[in-house]
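Two complexes, one shared chain (chain A), two partners (chain B, chain C).
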Partner chain A sequence: MAGVNAQSRGDGQEQRARDMGMTTEALSGRTQQVFFEPSEEERFTYPWAPEVDYNKRTEIDADGLTTTEVNKRLRDLMAEGYGTVVIQNPRGKHGLGVGILSRLNLIFEGSLGYFGVGLIDGPNVRITGRVGWSCAENMMAGTVVIEKNAGSTFGAAIRGGDLVCRGSVGSRTGIDMKGGTIIVGGDTGALSGFMMQRGRMVVCGNAGKNLGDSMYDGTIYVGGEIRSLGVDAVEAELTDLDKAWLTRKLRQYGLLPEQGVDHFTKVVAGKQLWNYDNLEPNEKKLIL
Partner chain B sequence: MADGDIPRTKKPLNRDPNRLGNSSIFPPHVIDDIHIKSELGRYRMRGFSLFKKIPHWDDLTFLPGTLTRFVIEGYREKCETKTVIGPRAKRPIELDIPVYVTGMSFGALSYEAKTALARGATMAGTATCSGEGGMIPDERRYSTKWFYQCIQSRYGFNPHHLVLADACEFFIGQGCKVGLGGHLMGQKVTDQVAEMRSLPAGIDQRSPARHPDWLGPDDLALKIQEIREATDWQIPIQLKLGAARVYDDVRMAVKCDPDSIYIDGMEGGTGAGPHLATEDTGVPGMAAIRQARRAIDDLGKRGEISLVYAGGIRNGADVAKAIALGADAIALGHSVMMALNCNKDIPEADYESEMGVEPGYCYHCHTGRCPVGVATQDPKLRARLNPDEAAERVYNFLHTLTIEAQLFARACGKTNIHSLEPEDLAALTMEASAMAAVPLAGTNMTVGVDDYHHL
Partner chain C sequence: MCGIAGLIHRGKRSDVGSEMTAMLQALKHRGPDSTGFAVYGEPVEGDYVLRLKAAEQEDMGKGRGIDKIVDERIAEVERRMEERGAVIKLRDRVRPHAVRYVLSHDGDTEDLAKYIEEVDGTEILSFGNGLELIKDLGDATRVADEYKLQGFKGTHGIGHTRMATESDVDIRSAHPYWAFPYNDVSVVHNGQITNYWNMRREMERRGHRFMSNCDSELLAVYTAHNLANGMTLEESLRRSIDEIDGVFTYLVATKDQLGMAKDTMAAKPLVLYESDDLIAMASEEVAIRAILPHEIDTVDPYDEEVRVWQA
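Up next, the complex of A and B:
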């Protein structure tokens, strides 16, 4: 697995489990998430992550290599301290760059297949081509920027970080989204934000039908037209706070439209599906 | 009045002779259900497993050795129970006994119940599974072998936890309510549970029924590859399917190239689900195992892809029967919860006033007011479960299941529990014979099969 060094395997796993607070952490909702103190300026990474230097740069030519070979090569380079890795000729391979759990500057010169850079926590990824389905699924933190178009289920179940596609994306973007930000420069397909739970999704172009269907919570901003809203997705007022955030976030990725952000439509959960309308006598809520 | 002529001792009839009869289609509980639903305006929720009668393990019997077969000394001679799940993986799951504790979420179950299951399973040399709501560190800490579930909702799914797992299980369906997502009523979605799942607290959670990032077997194969990459191709990948079109589903599952396939029969339980889904979805275990085994064997993957079965396993005879029909390992949910104390009349609990039912009839897991502190998040109720004693009971139960299953294996002349085979079984009903594809007891007839030896 990219991002975990050799000691993290076998006997090392127990040590790693202890590092993660397995024997000391009292049970709380934020299970085993490591939060960084603002004072810890030097350590924006996990204690077991390889020490990488962004200024140490290298390249991998993925031509003729399998996904596993590329990922292993990447892992080895990180263990050697390379902080900037360029992967050439990815040629649409599936599952490239998955499971990177530390900081890394990763550049793909080309296009990825399905499940590209899934299950990552921390790296800054740039992809110059296109990506297939489920890019950056279950991403925890970091940034991923795709220069061209992306496939369906873009950023499925992501929990944090910024996921940016400068082009258009397919259907079910941000399905089961649990946090973080998804930014789409172009259009998005049907059922985007399906069962979204938290986080923000920004679509600069148009949105397909059933936008935000059954969303629990979270916010969707759409710059263009919305074909139709899904069940329990409702329009809300775009506040100054929203505009300030949109301006800042879109400018950061060079996607700020010329006319500003005043034309964006904000979509939130209607919260009508949160609870059953009626309860049986024995289903009364006694705790909480 | 001539009173003296009629003998006063005659007993009155305990039925009304003027009454025509009772409806078997609309008995009183069905009528009550309609009354309640017409007030409620929605399907009714409950926990537990199905209530109606279906062909199940009681309808099969063993044919132990007598003179045609040689028996193994019942309580002394060795009968191997070691079980391997995912033998092709670099780090297969190796269990001392053929049963393990299946995935039940933290949220549906209390912290005490989850850790007690982990400790009991570890004592018995077997595995546990995280269930839906993400990992709780203590469960991982107490489990020597631990499955991490990748479920449709991905609640709390964390790659940092994935790399701590000994196996990864894809939840694709559940026997109790095939084709439906999980349910957790608001009573159990406390702040803590909600935070772990990134949900608003107190909502009636109805999880997705489809995975977010893949739709069919082609995508699933790639998703499995992704998880393998993220775990360095070390751990077994298991696919959990609810039993429906088992033969075809398992063929497709095999093509996705997992290390293990888990079939959940319709006898399986749930912490909360629509009553009707529980009653009216799925296929009984004995049919499901047989079909799944045939699918794996037809594709030449016997011994490479393991078959795990769960659903309605109550005792060692059920374990042995499921293994004889073709399962490699058995997962338990419902019955280990009973080992924890489910439906037990403990002194602290007053079932009548708290749940409105007698002990033994409670199916109210969904209300979050479990009188024995197992399926609840309420601190007062949770205090009724002593995790130390509960872990001991879980161990005792798992151990008992194993020695009971060994008893049948030895009686059938097997020195390894996995050597049990369909030939050791007979069916007591026509239905069981047809589903399990074993002969009706005392006959050479297997319903629906021309030649038993060439299925």
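Up next, the complex of A and C:
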């Protein structure tokens, strides 16, 4: 696991789970939800996360190194306190920069292959080239900005953070996304937002067929043409709140279209495929 | 999983042999079982290049007088060539089980090809004016070294690294497939075809031959069938998206063209790089970077996309 130092690795599963705010004790009927206190550092960072200084900057030349060597070098530099790391010549290698669970300014000068910066929680990443399939899959928090195009399954199953591609992305963008924001400056391919569960996806260009197919929840905003909507994806009214949010988000990444955001189409779940019981099993027992 | 790659130079010749080797070596992790190349040199009108295998590579190690049997097969092939009026201008026994011929022949090449393939254990890998098709077990550098591919000058080529999923690890099931009996046409494919048996029976009813049980061979036969019926390459690619079920991305090369088609689900990857004088495509960007280390712009083609480039 990323950034896990020797001590915390030795503490065993139980201790580590407790450190992360999870607990294995019997529940006593109170809510399981953990409420965050913004002023508290606790639970915003992992207990073993290295202390890094954004002003300490260094480079890694990935030429001739394997993916494992680059990622190991990155961890070592973070342990040394480097907060800004530039990775040169990634040349489409797969799995670079994965599993970073702490603050970090990470810059890739070039293009990544598959599964680039997957499983991250916290870093701010900038990629000057293109990314392959499944970039930032399972991202928990942080920002990822890609200057060129991206491959398919962009931001698969992300749970938080901002994932931005200034160019066009492939098919199945944001498949199974459970939170966070995906922003695409160009077009997206077929089956984008497939089985989306929560979060927001913004596509400034056109969307391919079956947009939002079988989505449970969440919102998709499309600036251009939608080739077709998927099963149970429906258009909804673009409210002032939506417009305000879109304007703010797109301006933040310099992607705000000249004509503003009024032309965006909003797509949400029709909830006709929903087949949930509204009652919890215990409540059901009481009633039936 | 399989990896596919292709490149085409516009208006010039280059060392496509080494370029394809570098691209396919970068895709080795997608398929270590076998590697194949279809590269296109300068077409010589009237002269044909014919490549064939007289046995599988694994048969060669088994003994039982296989060397003698293969020699007999090759002698029989040459006798049949001469019987049909072909003149062997060059004969190169590249590997113990694989031979490359340069022939001159005025007659019906389909008839000749069928007659040769009646020899037991023999399969024509390619037949054409410009096409050189090489496939064998092993990774890209090994196959390229064995078949002396480095330094091959040509305009375009396609290649494949195979991870066998639905048929055997042998040369018969390795890509690229020559679109028998259509000269100079070859196909590489990444994916699974789900209406394979229906389509194969359909093609067999129309008299086409299948040498393997590999679903990718269907695409070669299907393309040959369409081209023989007067379709352009682009029309054939477009029609295949409707008629062939499954998940696939495949490349087709002809004497002077390179085409690609992607299925309706866009489930199999392809990365595309286009410039004025070179178009390169591969399953993964890392293969394109193997020949173009400098910063380039690449895109993923979308679902149902069909493209054809002219050399």
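The rule is short, and it goes like this: the second predicted complex is superposed on the first by the 238 of 288 C-alpha atoms of A that agree within 3 Å, B and C clash if a C-alpha of one lies under 4 Å from a C-alpha of the other, contacts with A are read in each partner's own complex, and residues count from 1 in each chain.
The criterion applied here is as follows: contacts are C-beta pairs under 8 Å (C-beta built on N, C-alpha and C of every residue); 3 or more make two chains touch, one makes a residue touch a chain.
Everything numeric here is computed off the predicted structure, so don't read it as measured data.
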Of the two partners chain B and chain C, more of chain A gets touched by chain B
Check whether A:Val261 is in contact with chain B, with chain C, with both or with neither, and answer first, second, both or neither.
neither
Original post:
Is A:Arg159 in contact with chain B, with chain C, with both, or with neither (first, second, both, neither)?
Top reply: first
Q.
If we overlay the two complexes on their shared chain A, which of chain B and chain C does A:Asn275 touch? Say first, second, both or neither.
A. first
(Q) In the overlaid three-chain picture, which partner chain does A:Lys178 touch, first (chain B) or second (chain C), both, or neither? (A) first
Check: Thinking of the overlay built on chain A, is A:Gln197 touched by chain B (first), by chain C (second), by both, or by neither?
Finding: first
May I ask you to decide whether A:Gly170 touches chain B, chain C, both, or neither, giving the answer as first, second, both or neither? second
Check: Of the two partner chains, chain B (first) and chain C (second), which one does A:Trp133 touch, if any: first, second, both, or neither?
Finding: both
| query | Of the partners chain B and chain C, which touch A:Tyr114 in the superposed model: first, second, both, neither? | reply | both
Does chain B (first) or chain C (second) touch A:His94, or do both, or does neither?
both
Dual-contact residues of chain A, meaning touching chain B and chain C, are 94, 113-114, 133, 172
In the complex, chain A touches chain C at residues 91-94, 110-111, 113-114, 129-130, 132-133, 148-152, 168-172, 189-191, 208-209
Per the touch rule, the chain A residues reaching chain B in their complex are 1-2, 4, 8-9, 13, 16-17, 20-23, 25, 27-32, 67-68, 71, 94-95, 98-99, 101, 113-115, 118-121, 133-134, 137-138, 140, 153, 156-157, 159, 172, 175-176, 178-179, 195, 197-198, 216-217, 274-278, 280, 282-283, 285-288
Counting only contacts in the complex, chain C reaches chain A at residues 264-267, 269, 271, 284-286, 288-289, 293, 295, 297-300, 302-303
As the complex stands, chain B meets chain A at residues 36, 39-42, 44-45, 111, 134-138, 140-141, 153-154, 156-164, 185-187, 189-204, 208, 212-214, 219, 222-223, 225-227, 229-234, 355-356, 364, 366-369, 377-378
